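Note that the chains take the letters A, B, C and D in the order they are written out, and that residue 1 is the start of every chain.
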């Protein structure tokens, strides 16, 4: 299994640090100055905020406590770029991020450079390439934290461009997809006691700990994601007009939409179109449906007579059927900036969409909520959110893990979210 | 186990019907005419609405489909008293229930009488006391539905009176509690595979089905509920001013309160008082804390270094340590209209407060969401709610079950809700 | 001019007091107990609140300061029945009035009796029937205050009944109107300096003072109110679908309505119906249109090519053409509880609907905002409200005055409001 | 009187056009790219929106209807830059202006250039420098429209910078004010009939027409604006904690403020500071108080025992005491970007702050609301706004007029608004 390449030597950490930090800037390369500033909905942060906040993480949690003589680059930026850490003092209201024009992008790029230089120098000063585990872990956490924000950069940029009536293109398409989705098959799981959760080797977030036993019933999971074409059948059959498929909250949510279809779908002149990072395109029925809420995923599954897998079923099935991350994915390497048609032998567990599970985001048995700032990373959000598994086309390959627990509220759909069907055996 | 007395013969059903229906009126006996009308918050319904809606259930689901020549008592009441059944047509907006003065109480009492007479006559007409299982089950469901609303009647009346600056007394107290809470002990569970869920014998709601295996880790549950005095220590230690014990949503919720204390607690002249159905009283530190939200229960447990039990742990522990409903509880029989100090040998699993568990309200493996109106009873609410177990002092004894899954949103606290602590072994 | 009959002798005041106080109870006679409690919108107060608040006025402003040994009937009622007087201490939130079930109606009727007895005894104790002008004025103000609430009782009861799907009848109709509205004519005013405002003889509210000069341009006012039939032409011509007739705020307001028609109009089976205090009736095209907002009045006038009169024009025209209150109106004496067709010679300046003027509610030149509680009666509302003139069918005859300045926000329409057209000469 | 220099010849119009258009760009010169995009409150528009919208006005109302072969620069910009003209078709929701990053500033500058070139060429093509009055008037309106947006540019930029915790400087100060405010004196007006309103010679907005007679009572107006120091006395005397000075709506508004002081005032280490376009400065007690709401102006005046002038009184007093625009003001020419201490002989009627009057914004007698798009310019806003007179330090000198009627809702204070006191004689 290669999801967590061991990164014990400092050399490795240094090169990882440089790679991850520069990739954030690469993501922003196609943007115009104005794109860096706005916050059209509260979930979306201005791209320049992401660039600043990921830098703040390293300054605030590593440079400041570790370097005796470290001077803050700018005291005010410490206030600007705290996200939600109550323990780290006051901060700009989340809803106010899109109103802050200064410091401008140039200043934030200087901030990045300043922090990077100090952090690299700090690493290079360590004798014999040995670093205390505590600091090593913090830097590694900072890199994974930045990779989370890289995915947010993609989805937030998509939201900013996709809600502009002009529909600007983020990246031009170089080839056209002509593949056809294969018929879905069922992957079987046998009832019994299984172990799930991270085993503690290599990096993981605290919420994946500890590894524990769980009982799984006999069940079946589909061997690929639900496609646009399949979801369109649901719409055309009137499924979005029939309350009986929907959760009560979902039905109310649906009534508030301008249009009862996935985010970024548009109906024009009798055809369906979809906004992607490649611009506005005719809807491709073969690629996985994405940008849907839990409510939509759940209603679609019920309409088909199926259900969503639990996160336990998902992890056990993935471990059994797709333990290796076989295809290189992630926008860093990919031509396509959108989920693709499942290739032969790819069960699409990784690299296309995050998959809504039927499990609420709660603590694993034995989960110890950390003290201090890092205790605010995951534990305090364990209410009213559903777990998503896998990893999307916007997730960096080195950030994907079989035990990864992503989580969002049931109405969120600006991420690359999708559906895998399951049923009792 | 006697939680679900077998009710196979029609005689039994008839006498149950009469007992349950008249108990609803008994609950309302101390009210003044004005108390029947108002809806101070959206969760609370006017008492006269409860009286009408429970009657509508029998008319709409039994009399109307079963009696060929049945005439609706009043067509408009069918519209008035639908609660949330999309399948049963349009209905008054929930938020508008408290603005509807006509039909008045007298008319609703006539409605009850009319429906009762027809239903009793219908039962008496059945040859040899035999009833098709389908109809039998529906009537039994109607009775348990009415028992749910009886509990709501108590808590809604408490809200209406308790938020009146005059603090009117619902029922005068006849004796004074002087018992002292015993020190809490731990009840142990051993790791392993257990079965939970209802076995299908006797009545249960659909969400308790089907019985299934689950894996429990080694753990310990306290042998009584948390008391007012223990919760007060949390407040006095500043726990409601320290974000680190709280879920993020809970912390925001807390900031919106007028006072960071359980519902119905008041601070006057340096002392704490509590409004109960017996009026405003000095806070008794020995009785279980109640009217708290999930946020408060979760924060309290974390502050103590413990956690809430899962619903699986709760059910396994209850089956092991307290399978019989030993003490008679329920306001019908009780002097006290409030949770009481735990008696020797009573682990307080039933009859004091509903206990917040750390489990989200989701479908059991194999849960079949029913088609039609009854599919709207439970299944469509399976999102963003937490499970509560046990049964409160306001729950009728014959309505309590070891497998009962109650559920509310994390911020709700107008029910008699409370806390049992748990920890990993 | 007989609008303000001099009421100098105490005998007269005593009999007035008794007449006004008992009329409030007469208004409520047709109600059921439940009707007294609710508050369906924030503008509407529960009828029992009106009965209590008008009583509180006499207790709080007269009995308490004047009678040395006066004991409050119930200290808590003093808190309950303060409306908006910041100077008189804390009070129940306005939005919470409809949630307060106790004290019940019976207790409030006792309160009325108690205060009435003490006030009457106090008046009878005065030697030689002489009362200090200050107290005399306060009692007179209390009576006019109660007459204002009598009009609110009618309109609030209408709202409570009219928004119940059952459409209960407040008072059965005894005869059927068959009159036809006469063609409207124009009443001319010549340009020049006029005096308007109250001259200080007899009762008036502070906002009618002081009498002052104003310049009026040549203009014309219609000699009757706009009818339902005329307003229906506006609707049927698409006037409520064309933004160009509407104020910008009015257009937004209109888009938020369930139906773009006056309050209490309903369309059923292709016909228009109107809810009145006599129940649901076919729309009578000859009677004045009523229950319309300023936005609707203004848009209608503009669509016709006319405008609303200013309050100065209205007062000058009324003084010139209709100085006497010729017809007895007011529900106390009337069979009809709705505006009626204009009779020969009646210009409808009084007794049908309050007429929206094109004037904002602001201070007259020389208006002295009073100090103390009475300064809160009128002056503090002088922003974002428009003046209405005349007096409606729900206004008591003895409460109507040529100089009376009523005022409401532009979107309010639960009062009997209507339209008189004007144009430049 | 020189407020409206006659601009009959085309040469004059051409040079005015060029001067006004380039001044908009000058205002934006100190901005960074990010400053052009955001909309921190709904009243504030992104600077690039102002640049586009003023250009749209000329393209949409002149080039498009007048030039047969005119091609829209970009069809989509026509949609982007419509503000509130219902007659001109759909447009971006006002609340969404700050989320639109493309077209970027560069594209909008091209748009300006394109439209300017076509409009200048069009003017130069006119034979003998003669232009139909209709088109001449439209272009002149377009220039005054742009001058309105220039003032908005200043105040919106101030808002964007002033609500950034960094408090960026728009323009550095070159000198320090040391003048002391002179004691205020009273300017007297005698009762009588006066004429107010524009006489139709030279440019004016439709709402200043027509000139008409009005009756003024004997009264007195102060000969300068209220200063920071005077307003501070009000605060320090507790005036913002005492409801009796405030309108009821104003008192509620006040309770919602973070701080009961004018916009841009900050308390730091026991001193008062004020954010100006020159950055954060110690509060100067001698300069006029500005950025206050009508509620504050009205409460301050009442606390002093005075009142605000009516707009009629203001205009008559200004015509009598200050008919000429004596001092050159406007930021184009000024060093100071803030109201200044009144100089000897300057009554501050112009060029410091807009002065709240006690008059609601309503139609003058004889005001004809125009048909078509221009009817949407002023008339449709005549509700729930108060009139302001004069012209602020941010108003261009050539845009100031004695008859100018500015208007805002009572709670708005992001403009340079201020107070002049008045009293009855």
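What we mean here is this: contacts are C-beta pairs under 8 Å (C-beta built on N, C-alpha and C of every residue); 3 or more make two chains touch, one makes a residue touch a chain.
Since the structure is predicted, the reported quantities are computational estimates derived from the model, not experimental observations.
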| item | value |
| --- | --- |
| Labels of chains that are neighbours to subunit C and to subunit D | none |
| Distance from subunit C to subunit A - Cα centre to Cα centre, in angstrom | 60 |
| Where subunit A and subunit D are represented by their mean Cα positions, the distance between them in whole Å | 47 |
| Contacts with 2+ other chains: residues of subunit B | none |
| Overall pattern in which the protein chains touch one another (line/ring/star/complete/other) | ring |
| Subunit C residues within the subunit D interface of the complex | 84, 86-87, 191, 193, 212-215, 217, 243-244, 246-251, 294-295, 298, 302, 307, 358-360, 362-363, 365-366, 369, 371, 375-376, 380-384, 410, 424 |
| Contact footprint of subunit C on subunit B as seen in their complex | 32-40, 48, 76, 79-80, 92, 96, 98-105, 160-161, 163-166, 168 |
